[in-house]
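Every chain is named by a letter (A, B and C) in the order it is written, and numbering of its residues begins at 1.
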Amino acid sequence: MNARRLWWSASSVLFALALIGLWQALADARIVSPAYFPSPARTFAVLSDQMQTGTLWSALGETCWRMLAGWFTASLLGVGLGAVIGLSPTARDFFEPTLEFMRPLPASAILPAAVLLLGLTSQMIIAVIAFGAIWPVLLNTIHGFRAVEPRLVEVARMLHLSRVERSVKIALPSALPDILAGVRVSLAISLILAVVAEMLSSQPGLGHNILVAARAFRSADLYAGVIVLGVLGYLTNAALERAETYWLRWRPAPSGE
Amino acid sequence: MENGRPLLSVRGLSHSFRTAEGSRPVLANTQFDIRPQEFVCVVGPSGCGKTTLLRLIAGLIEPSSGEILFKGRRLEEPQPEIAVIFQDYSRALLPWRTVAGNVALALEARNVPRNEHAARVDALLRQLGLAGHANHFPAQLSGGLQQRVQIARCLALDPELLLMDEPFGSLDAMTRQTLQDEVSRLLSVNKSTVLFVTHDLEEAIYLGDRVIALEANPGRIVEIIEIKLPRPRNQLTTREDQRFLEYRHRVFELIERGQK
Amino acid sequence: MIDWRRLGRGLVLPILFLALWELLRAAGVLPYETLSQPSLIARATLSALADGTLLYATWQTLEAATLGWAIAGAVAVLAGVLLGLFPPLARMTSLSVEALRPIPSVALIPLSLLVFGFGLRMEVAVVVFAVFWPVLIVTSSGVRGIEPNLLEVGRALKLSVARRIWKLVLPAALPSIAVGLRLGAGIAIVVAVTVEIATNPWGLGYGMINASQSLRADLMFAQLLWIGVVGWGLNVALLRIERRWLAWFWSAREAAR
């Protein structure tokens, strides 16, 4: 069984390498101008150069910091507010219609308003990201807290748990799957908002770098930046997924899968 | 201490549910006592209100009329001395806590000091045959084991009155019989008082000191039968005992009559 | 049956918010020209609707979103079906898919700009990338979840692969495909607007960022409101279509049985 898995991992690595090989071949054949389509060799050269001179790390640091700070704030506020609203049927009546109206709005739509009202300085970008990324967490948290298994609520009554105990020991763990799902979406939104905000504001960072590279026709820098953003997206998501798998390890395996 | 006073008294208890069509009476003018250390079974056809009766005594719903006296006081909400075991064990256990964690919840609720938890949980798990499963999650356990966890959790409360709502109804026959004997023995050792609701009349007679037979629509006590069978009960010999068969006959007729 | 109490409660917050906003502006407490007020925003909305600019911008955004969704949907469904039917293929491509998928679609905006310049095509390209992956994954997992017996039947009847797909696989995977396409439509709109906000002088997003940079707060909020309305309306319409289509589909299957 293990040999089989190894074989399949190997084949998928080989396939990916084959794709890169194809990329190199197409670039060498100059079917498309290298101004649009740099070879993998050139792209990775630029990438390693950026890593050595430190330009990569500083840009990555800027984008990462804004993304994470905004996401963390959004998650904290979202869970806190969501818990309070979700636990109270009265609060839900007041807030849910407004919140549901906000749901279909693209998060990036907050940026023009932010440009107008706040200006996009580095600190403001974090606030903007937080405001844009809070909605999935907030909505999911509310849903998680309102959908607690009624039998468990009865158990809590029978055990004479205080309101606080009920919220922390029963409602919160019960809502955790929903909360984590919301937090994951929120992270993706934070990355998107960080990148677009940099493009709009010319604040230093990965988003700004790739826009500048595009305008200067430096395609290898552009592709390198895209790869870095892809890696950033992958790592942050994978980290969250790991955490989620651990915290939710009590879940029964889905049937039929 | 007082052997004369009943632990629980139900007086003139009636209950109706409000539905779209109006009000549906579920329980009518129920009256009975439960004495300390008694094992009382409530049996009846579906719709006879036996689960509603249990939930009223559990304090989870307020009766439309009548009263429930627990240790002489009016019962208006869940009492810390009364523990409930639900039929749907998978929904009554906290899926994110291990078996040990679920039992510990009861100790946390009673503000038992943290350092005592491990020992007490350990003892209870061993009593219920769950020693090897302490770190498993409920989803990893069979139905029978899950129900044992729920029982362990309730016993951790040291309750004076145990309410059991068809606890073995969702289990297969073999597991049911095993648990019947184990729980019966455990509860008599702990000197617990039990109100046991079931639709299985043989189970009711097998387990009970007294059987309350209900008829349906609305739920009403038809008869309360004293079960004078020797303890400890045995799945084979007790069930073949002549008196068992007579009780069985009687309860069957009462229920059949009650099914109209 | 309308629950007037809940409806009333739900309206309290928005009405309170709007009233407060209007009052504070009128009283001069909020001095910034950048904030506008509900009455002016309403006026701007109506005038933008009347002179057709709002509708034209909506048309532009929808055009890009729909084209991108259609292209991505078609390719992703086909690819998803193939990946679902042939697990070896899925395993071989898994690394490549997992490497490309986390790239945030916004990272491709400068690249698309470089290749296509401003306009419809660059936006469609980014939308295609964004919509492709979720539809691919939902479709392939939907196909994988099909009853194995069904595929056995296809093989037993000696149907060609193409016919097997058309007659057996697609109908069975249709509910998953429908959900994937609906999600993809939502993503298409959001990504289209995001691209417009970031750089592309096209559609509603551009309208918003343009208004904000021209300090026309009333127009900007008008467009923000309009995007919300369009997004909500689209969601409702898509749900309706999906439900009706699936209902027809299920009843047709029942009739055929």
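One rule holds for everything that comes next: a contact is a pair of C-beta atoms (placed from the backbone, for glycine too) under 8 Å apart; a residue touches a chain by one contact, two chains touch by 3 or more.
Keep in mind that what you see is a predicted model, and the values were worked out from it rather than measured.
If each chain is drawn as a node and touching chains are joined, the picture is a simple open line. Of the two chain pairs examined here, A-C and A-B, the one linked by more C-beta pairs in contact is A-C. Look at where the CA atoms of chain B average out and do the same for chain C: the two points lie 53 Å apart.
Separating the centre of chain A from that of chain C, both taken as means of CA atoms, is a distance of 18 Å. A separation of 49 Å divides the Cα centre of chain A from that of chain B.
Chain C makes touch with chain A in their complex at residues 5-6, 9-14, 32, 34-35, 91-96, 98-100, 102-111, 113-115, 145, 186, 189-190, 193-194, 197-199, 205, 208-209, 211-213, 215, 217, 220-221, 224, 227-228, 231-232, 234-235. Residues 58-60, 77-78, 80, 82-84, 86, 88, 91-92, 94-97, 105-106, 108-109, 137-140, 157 of chain B touch chain A in their complex.
Every residue of chain A that touches chain B in the complex is listed here, in rising order: 149, 151-152, 154-155, 157-161, 165, 169-170, 173-174, 176, 248-252.
If you check the complex, the residues on chain A that touch chain C are 8-9, 11-13, 15-16, 19, 35-36, 90, 93-98, 101-102, 104-109, 111-113, 115-117, 188, 191-192, 195-196, 199-200, 206-207, 210-211, 213-215, 217, 219, 222-223, 225-226, 229-231, 233-234, 237, 256-257.
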